[in-house]
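Both of the next two complexes hold subunit A, though its partner changes from subunit B to subunit C.
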Partner chain A sequence: MRTSGRTSKRLTINQKYSLTGWGFLAPAAILICVMNFYPMIQALVLSFQTGIGNNLQFGGLSNYARLLKDPVFRTALVNNFVYLIIQVPIMLILALILASVLNIKDLKGKGIFRTAIFLPCCTSLVSYAIIFKTLFSYDGYVNTVLMNLGLISERVNWLSQEGSAKVIIILALIWRWTGYNMVFYLAGLQNIDDSLYEAAKIDGANAIQSFFKITVPMLKPTILLTTIMSTNGTLQLFDESVNLTGGGPANSTLTMSHYIYKASFEYNPQFGYAAAMSYVIFILVAILAFVQMKVGDKR
Partner chain B sequence: MKKKVLSILMTAMMALSLAACGSTDNSTAPAAGTDSQPATAESVKTEAETPAGEQTLKVWCWDSFNVDAMKTAGAMYEAEHPGVSIVVEETLSKDIQTIVQTCAMSGQLDSLPDVFLMDDQVFTKYLQNYPEVFADLTDSGIAFSDFAASKVANSVSGGKNFGVPYDSNTVIACYRTDYLEQAGYTVADLTDITWDQFIEIGKVVKEKTGMPMLTNVQGEPDLLNMILQSAGISVFDEDGKIDLVDNEGLKEAMEVYMTLVKEGILQEQVDWSGYQGSINNGTVVGTINGSWICATIMSTDQAEQEGNWAVTNMPKLNDYAGATNYSAQGGSTWAVCSASKNYDLAVDFFKSTWAGSTEFYDSILTDLGAIATYLPAAESEAYNQKSAYFNDEAIYSKIVSYGGKIPTVNKGIYWTEEKEALGIALSKVINGKSDLDAAIAEAQSTVEFNMGQ
Partner chain C sequence: MKRVKKIAAYLFLTVASVISVFPLYWMISAATNNSTDVLGGRLLPGLHLIENYKELILQQNVGRSFGNSMFYSCTLSLLSLLVCSIAGYGFEVYHDKRKDTVMSILLLAMMVPFAATLIPLFKLFTGLGLQSTWIAYILPTISTPFLIMLFRQSTRTFPREIIEAARIDGLSEIKIFAKLYFPTMKSTYAAAMTVTFMNAWNNYLWPKVIMMSADSQTMPMMVANLSAGYSIDYGVLMLGVLICSLPTGILFLILQRSFTNGILGAVKG
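And then the complex of A and B:
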């Protein structure tokens, strides 16, 4: 009786270990719950409420019903998908090509090139957006260069036309994020055994063949990861829309996140509606990630 | 071994940073306590014993122009009231709006300052949405009748006053006389004219100098709103409902705006700095804006611009009934926070400076060029001083005389939404994506949608 009492008080070595483990985990876990999950639940509750500012009352699904009738949200959604469908593939293919080129063993100045391509990632989102805006403004650098080269006869107001404004945002995104994705591919490439390439070479495969038959399949998990990250990032695009074009002209570059911000802080605050929109983005990202995982990951 | 040293170092660093966090936490908490609690005790004590004890009035405003004006007022008041200090903290207009909104949402009003400045375009919106933030000044003894009526109306809700008007929002038209001369015009040709006449002059000027008459920020139809107010056209009806469709005045004003853009008389700029740049770099003949734009005009580094600017009134909306050459744009108003423990001090401060001292207004006019809406100040000699920058003309008395002629319009709290919707409508019509009626109908439904929450 006595002995059993003592053993029950004393922890076994395994229990001790797991207690220590939980001890280390607890602060982070609690912080994540308080800072992340609690606001997420609050936002879900908020998305069921309607009203302006602090005068909120329960409105059921009315915010979600309202979303279906909102032409501006629809425009923003379409804009986001245009960015996603055009920009993400271009960027990832470019990153993949750059990564394989910069992985060539006897290439000189590899470090410099890698750094140069990665550097845009270190710039702040706001400042690079403003720089792009300045470049493409009416009296900006791009107009001046094109005029001097004789390619255009009159200055173009790039950011005040729907098509060109969208293209500029896509260009800006490619400039900013290609290097970031390239680093993932470079890391992935280090895990591919050289003997595979050597064997392919002996079998008479050329560089293009070994790229498609070895590099791409071997990098599949990394490609999947970058695709999901880029999808997530593109759907939450905010800084470029706010700082580069201000969502204009006529909402043609407005993103969903920018619209959420407007609904909360620029218009008369519609926090419930903004929370509902956030949840729609969340669900969209979840669905797309799920689809990509199903399609891409066959392990 | 190396690894061990490294891990010890890392642990030490983490511990230190944690400790640092902890200590700041500890230090801020009592600091906040000392800030509010003894201050309350103190103010209670001073109110009971000596009204002129140690008191601090905290003020938030933006822009060196406003900050300096407030500091001048503070220094004047401090000199007469020993023990009182007026602390001015520079806070951006957008930040003040966001902080007011956040504080109101969370109910933490005591983190707001005693007095803050608010942009007139959004004053009503915040007053309606968060009335609990604003202290009622109706019975404070501040003489609101001493201020321009169109300006006071902006901070009134339910017949009560919630703000002390500050800078003038009177619209002026400023033109480069040297450029006009090249095209064979003088400022007199641009005074008391209609938009049709302006467009004719603009075409000639564009042809002879190659420059547009005006610039504007694309998607921000400030000029359109100025035209609307100049003709007394409201885009909201008496009940605050949006009234764009079948609004003949609006349609006429939009047509004027679009003609200006199509003829190249109005050059749209990407953003505010582009707009400012066009004025300062001398790539535009003139501008039409609130009189505070004088500060921008004078901030150029091109010396040849001095003496080559002239001020006059804006064109009027042709033969539209009620059209005038006068309008309002921008400006700001002081508000007292309802949670302020120094309400009496704030009121007394305003009564002896912003709402009672013509000397004060003389001094900010002379030193800062700040044109206010305090009517007694307009009779002062200082307003008759001539400005060398504007061709030795007494522009201040001119601007004040315009101020009394501005028509009043219904603005309401959906101002931002309306402005944006009209900006989109203009952009769509100008780019040929839609015709005018359809664009106006779409703008109406967008604003109605936002009002439907």
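And then the complex of A and C:
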């Protein structure tokens, strides 16, 4: 008894290192469990409850049944997917092209161009939403310029028409995030050996061919990373919907997160219903990330 | 032909840069003009900066919001860097099968949308009476899988021999981290600092929900309030936007070089 107690107290050097490792990662791991995983489980429980405020009772799948019939939720879901399908590819392709052009060897002033293109990322989401809202407002700068150029005969209400309001959100998103993704591609491009491009050139490949045959395949992990990040971000859009368009006109720019916020904190608080909606986002994010990783592995 | 290509490249980059910078330039110049000039389409800087500032501090408690945002963001960034870097280091240096499993479980948290944890977190913090406190602002986002991963990847570039040598010299594990790893990985820390501070400063949904008292208002909340009124003074509004954008802009310009290097280290691994 005594001897076994003594030997278990004296750890081997490797066990000691292993324990130190656990100690180092414990605070971060515990925080993630308490602040992410545990609330996630609570949200799942909540999504089976119905009622107003804290007055909740078990409702089974009724929140999920309600989701299927809720036209506002459907609109928000479609909006998120419109942003995802149109904005993410345009932005990522643009970022990739910008990064490859900035990677051309004997180009001067690269630093300035890079800084300028990244600069939009320094503005807060609220700030840039308000800048775009002001630029495109009825008496805003865009209308003034178009009027002066004679391109429109009277001011256009960009933000209160369904189509143009969506387009402006997409434009704003591209403006804000292209530089951010470009930095990831620039970093990835530094790992590609120049000799690959030179060899391709000797073999008679032109710039476009080497872009598709060398740049894109070599950057695959980075492209995958940025795609997953952007998909995730787009499905969670909130600030732009709130501050640029207020979700309107007639919910045509409303995002799922914005609707969840409204259901929880603006109308009579319906926490259970909001939790059910948030699980839809979670499942979509998980499925899309899984699909993207599978597709990324294959190519 | 080569010259044509080069000119095309310059042209492309110039157009992209102008589009990127123009709305920012417009915002800065609008902050120095009065509302009528802003709406009239004036692009040149004006002389109304001080007037706008006086009007802004009359409408909103700018000092308080700025101070709040600064305090929350700095505290959050420092704690976040500490907690996540030591975890990333721990995962890489002492890695074994079980720690790798824990890491992949933690990575799953990347997929957890904030909207899903919003309501339980709201209930948790209000239940503890912590609404409108800095603790509520920072606690949910101190530990992020993204930062842990960034540090874990970057630790791969940190030579193992240094650790072995330091152990022979009798340095404790925590000292190896603090005295050898920390100073060597400056560019990773700079990149992490830039990303974390920007996220902390720009955070909007969570503060909007949990920072209920007027005294705990942050800069993005203040700017959103400014733009929500019926008669908006655009010069004043843009000055608010400008002040809200300055700290993150300045931080990026200072740390820009290390930021790119830090991301490079992460993408390489």
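Heads up, the rule we're going with is that the second predicted complex is superposed on the first by the 290 of 299 C-alpha atoms of A that agree within 3 Å, B and C clash if a C-alpha of one lies under 4 Å from a C-alpha of the other, contacts with A are read in each partner's own complex, and residues count from 1 in each chain.
Note that a contact is a pair of C-beta atoms (placed from the backbone, for glycine too) under 8 Å apart; a residue touches a chain by one contact, two chains touch by 3 or more.
From a predicted model like this one, the values you see are computed outputs, not experimental measurements.
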Can you tell me whether subunit B or subunit C touches more residues on subunit A?
C
For A:249, using the defined touch cut-off, is the partner it touches subunit B, subunit C, both, or neither? Pick first, second, both or neither.
first
Just checking: does A:51 make contact with subunit B only, subunit C only, both, or neither of them? Give me first, second, both or neither.
first
Looking at the overlay, what does A:69 touch: subunit B (first), subunit C (second), both, or neither?
first
Return first, second, both or neither, reflecting whether A:39 touches subunit B, subunit C, both chains, or no partner chain.
second
Regarding the shared-chain residue A:127, is it in contact with subunit B (first), subunit C (second), both, or neither?
second
Quick check for you: in the superposed arrangement, does A:268 touch first (subunit B), second (subunit C), both or neither?
first
Partner chain in contact with A:157 - subunit B first, subunit C second, else both or neither:
first
Starting from the residues of subunit A touching subunit B, keep only those that also touch subunit C in the other complex, and list them.
133, 139, 265, 271
Using the touch definition from the top, list the residues of subunit A that touch subunit C in their complex.
17-18, 20-25, 27-29, 31-32, 35-40, 42-43, 46, 98, 101-102, 104, 107, 112-113, 115-128, 130-135, 139-141, 144-145, 148, 175, 178-179, 183-184, 186-188, 190-191, 207, 221-222, 225, 232, 235-236, 238-239, 242-243, 256-257, 260-261, 264-265, 271, 274-275, 277-279, 281-282, 285-286, 289
Taking the complex as given, what residues does subunit A use to touch subunit B?
50-54, 66, 69-72, 133, 137-139, 157, 159-162, 246, 248-251, 265-273
Quick check: in the complex, which residue numbers of subunit C touch subunit A?
5-6, 9-10, 12-14, 16-17, 19-21, 23-24, 26-27, 30, 38-41, 83-84, 86-87, 89-91, 93-96, 99, 102, 106, 109-124, 139-145, 148, 173-174, 177, 198, 201-202, 204-205, 208-209, 219-221, 223-224, 227, 234, 237-238, 241, 244-245, 248-249, 251-253, 256, 259-260, 263-264, 266-268
Complex interface listing, subunit B residues touching subunit A:
97-98, 101, 104-105, 125, 129-130, 218-219, 267-271, 274, 277, 283, 413-414, 416-417, 423-424, 427-428, 431, 433, 442, 445-446, 449-450, 452-453
